[in-house]
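The structure follows.
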Amino acid sequence: MHGPIEQELDELYRELILDHYRRPRNTDLLPDAQHKAEGFNPFCGDQVNLQVMVDAGGTIEAVGHQGKGCSISQASASMLTEILKGKSLEEARATSDAFRRLLRGEEVEESELNALGDVGALQGVRRFPIRIKCALLPWTTMEEALEQGKQG
Amino acid sequence: MHGPIEQELDELYRELILDHYRRPRNTDLLPDAQHKAEGFNPFCGDQVNLQVMVDAGGTIEAVGHQGKGCSISQASASMLTEILKGKSLEEARATSDAFRRLLRGEEVEESELNALGDVGALQGVRRFPIRIKCALLPWTTMEEALEQGKQG
Amino acid sequence: MFDPKEIRKDFPILDRQVYGKPLVYLDNAATSQKPRQVIEALTDYYQRYNSNVHRGVHALSVEATDRYEEARQKVADFIHAPAAESIIFTRNTTEAINLVAYSWALKNLHPDDEIVLTEMEHHSNLVPWQMVAQQTGARLCFIPVGEHGALDISSLDTIINRRTRLVSIVSVSNFLGTINPVETIRDRARQVGALFMVDGAQSVPHMPTDVVEMDCDFLAFSGHKMLAPTGIGVLYVKPSVLETLEPFLRGGEMIREVWLDHATWNDIPARFEAGTPDIADAIALGAAVDYLQTLGMENVRKHEIESTAYALERLREIEEMDILGPTDAESRGGLVAFTLGDVHPHDVGTLLDSDGIAIRAGHHCVMPMHRKLELAASSRASFYVYNTREDIDALASGLKKALDYFARSNRTGA
Amino acid sequence: MFDPKEIRKDFPILDRQVYGKPLVYLDNAATSQKPRQVIEALTDYYQRYNSNVHRGVHALSVEATDRYEEARQKVADFIHAPAAESIIFTRNTTEAINLVAYSWALKNLHPDDEIVLTEMEHHSNLVPWQMVAQQTGARLCFIPVGEHGALDISSLDTIINRRTRLVSIVSVSNFLGTINPVETIRDRARQVGALFMVDGAQSVPHMPTDVVEMDCDFLAFSGHKMLAPTGIGVLYVKPSVLETLEPFLRGGEMIREVWLDHATWNDIPARFEAGTPDIADAIALGAAVDYLQTLGMENVRKHEIESTAYALERLREIEEMDILGPTDAESRGGLVAFTLGDVHPHDVGTLLDSDGIAIRAGHHCVMPMHRKLELAASSRASFYVYNTREDIDALASGLKKALDYFARSNRTGA
């Protein structure tokens, strides 16, 4: 029954994504986190507030997120907090890079796709260029947080 | 043999007009004139420098003109110096007004047309809207001269 | 007879399909579509008499100049301006307002002078004045927005006072839809001797405008919101104020004589139109004005009240709907902004789009007012002469569908 | 194969008659004609995907935004700009130069700083700097024009010195036709650490442009002189300089976040494009660039040298002819300004017009240079891709006819 646009819509708004939107994970503030940043997309008012806490060995212990905005940006942020846990900072950056390439329709290795886990569910955004910014916002904010933590 | 545009061109550049252009009348400077003004059309660089000398009874004794520019502006200035001689300031203004109406295709009385004399030869300008400014320049300058003389 | 179904036939784009569905265009406050007549004015210009204006002796240039100045006269007539010289062509409303900011305000305002705006201004009637305030030391003051998006003018006499040098307000809000009490505010501005400017971007295209009655010093609006092409806008300036404006952009066309070290200015309005103007789009704006005049601006307004009333009625059927702005159609321009339960405006926009329905989602360039309402964004549907009841029905069903679609994850879990 | 006769077929206006005679359009330095492909880009936009850009979630807006940004990329590629962000859309060359004057010069120049121009600048690259000088106390200095319209750069090292903060020169004079030694002047500007700007209004449409090679900080040009519609122009800014520019026009699109009392700026280049841009004309500029790229700018230049050489040859046959500017075609752009005995340029223009030949008469917005040559006005014929030898033949006969016509009164008396 569905025409192509309805299919694409279902790809965009997968159950998993709407679930992350409704019930975002890891929404506790992590005041002791070493890396923090706030992201903002003025076009839709999306806000992303991220804290990245790293243990002595350089492994991400926890990521906290408080924000508001559209389903895509908020689901993306929620997924980010889950997938980055246990990764090194290098791996976090690599994941971000792979995700960006995924959304831009550039090449992504099988192994990278696996590393993205649930986040891969956001690839339906590809067909909605205007929403790519929403999906990427948490990831650029995370990169900024890591940058700033370095300098500080 | 002539198509309409050639006829209109001949109307614009009547012999009489080209003659006034080649051999402008009353080109002596009148330093003692009561009314003076300089006119300028920046688009074609036309310059008109007019002096109007009035006798005790308020009659125009002489008009002087020095200037440079296109055939239409310079011929118009030359004709002006001739036709205004002997007229009262009121008559001068009325002549200017009639000429303006003539070029704009507005109503002009038979008697007004007569009063315009040679100046009427410029009515071919009507069909060349861009040149109307050229033909009018000496006349607006004359009006300005009369204005300024009043104030001074 | 004003019949949107007939009018639609003049707009080629309305035959277009989006994802295989007929286009329902409800983003008119952002920009309007263009009738055949306007598009033809453009092609006619480029195919028959394209030329630079004002200086040419040749036939094309004479024709282009005549038509360009004729367009100016048409625009003057459209807003009942006393003289064509009062019409300065700009790119858009934004440039028109900046012209006043640069040419009048920066030259004339001093520390402790005050500029009065409203809290509901579009960024284009706010950010230029922030610059002026910063550079001159003048202060910005705001008429607050009260209930249902109406201006709270109870303290008008305090807000507009002897320090006020300029009052600049939006006549119809592009976010709340509110029609502001222009006359009341103008009267107070006049009492204190302030200049009075109107951002007419959302009123001029949609209702009769009479600048003499409105008695404003400046009126800014955009062609692209009133059936004309992008690239052309208008600043109306009251004749008595025109000579007090410094030139803004400088260069060709706006000068009279130029030396290496100084220059003198051309007559008004050329003085304010430096460089080669957007000739074709100005002429096409003239054609848009012709089109609107033929429809009759009273009829345009009437149709818009009807559309808005019907939209309010249909949207109110939806329980989760929160409609912003005045409650009755007569007090509003032809647009309705709203939020829809917990479906984010951006998601509303995407879902409607998939049904071929174009609305706007975001802050509509009115962030401070969104902030005051504690909203990051809203959805907005806006109407124009070619919108039908069917368009509004499509909007209403689309919104219900969007709600259902999003409710899905609540029902099924993940 | 570059064949003007084939090219002509793309330009509907060239089929037009003037007073029953075929149009011979030789006023290209004022504005160029537009090919079918450019006109179609406009109608396609308005009939298929007209929408406001950058903020819309709906299909039309996405398409319009994509095509608008695509046009920016095309323009960047056309002048070999390293990044699309370097391309700011303006109305025309004049606005582009004013943007630099307002956003950079007014903010950065101080008393005793110097701005270096040439004596042959178009008013648009002169009058804005007069304003800057007046407001900042900076001084204007001029590279003089010597024999045959060439810049006299013998004192360049004195004129451009440690006080010089900006050097802004025309690459090809729209009056004398001179191609200026841009590299030499740039090298000297770099030596003293001055910024370097090029008014490319007459070079970008007519010859290959490479901003990296040219190594300029700013390059301004107009779409309407290069087959594109009126209303769209370009300011190229070198990436390293972009961030040092203050915003100019303020309002929608150029902001990031807005509060009642302040605002933050959007990314570049949106920061410099306040309000709804001239979307359609920008996209059509992209189409014009495509057209020129297909012709090949090397070929365009070659054709123009040939046209100019032939024009110089034909005009020199006329005894009363006084040709201004460089003597050889290689040193000139595709235009020839002249005076014809004692026939005033305005009369020359009218007489040629009656033969369907469109040229320009006047000061071509270069009054100071006319004054230096003790001319009030001159006539100018200018060529483009669709001009043929026949056009130039028509010009030559027209001029001879004009001479005869005016000689008449000498012969016959009155």
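Going by the order they are written in, the chains are A, B, C and D; count residues from 1 in each one.
The rule is simple: a contact is a pair of C-beta atoms (placed from the backbone, for glycine too) under 8 Å apart; a residue touches a chain by one contact, two chains touch by 3 or more.
Note that the structure is predicted; figures quoted are calculated from it, not measured.
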Of the other chains, whose C-alpha centre is the longest way from the centre of chain C? B
So the centre of each chain is just the mean of its C-alpha atoms; given that, what is the distance between chain A and chain D in Å? 47
What's the distance between the Cα centroids of chain C and chain D, rounded to whole Å? 31
Quick one: report the Å distance separating chain A from chain B, using the average Cα coordinate of each chain. 79
Quick check: what residues of chain A touch more than one other chain, meaning two or more? 42-43, 130-131
What are the residue numbers in chain D that touch two or more other chains? 19, 55-57, 61, 255, 257, 346, 350, 361-362, 367
Touch-based graph of the chains, sorted into line, ring, star, complete or other: other
Which chains touch? The pairs are A-C, A-D, B-C, B-D, C-D
If you look only at chain D, which of its residues touch chain A in the complex? 54-57, 61-62, 65-66, 255-257, 266
Would you mind writing out the residues of chain C in touch with chain D in their complex? 12-13, 16, 18-19, 23, 25, 27, 30-31, 33-34, 38-39, 42-43, 46-52, 55-61, 91-95, 97-98, 101-102, 119, 122-128, 130-131, 140, 142, 222, 224, 229-233, 249-255, 257-263, 274-281, 346, 349-350, 352-353, 356-362, 365, 367-368, 371
Under the touch definition given earlier, write down the residues of chain A that touch chain C in their complex. 3-6, 8-9, 12-13, 15-16, 18-19, 21-22, 42-47, 68-72, 128, 130-131, 134
Interface with chain C, chain B side, in the complex: residues 40, 42-43, 129-131
Under the touch definition given earlier, write down the residues of chain D that touch chain B in their complex. 19-20, 344-347, 350-351, 354, 361-363, 367, 370, 375-377, 405-406, 408-410, 412-414
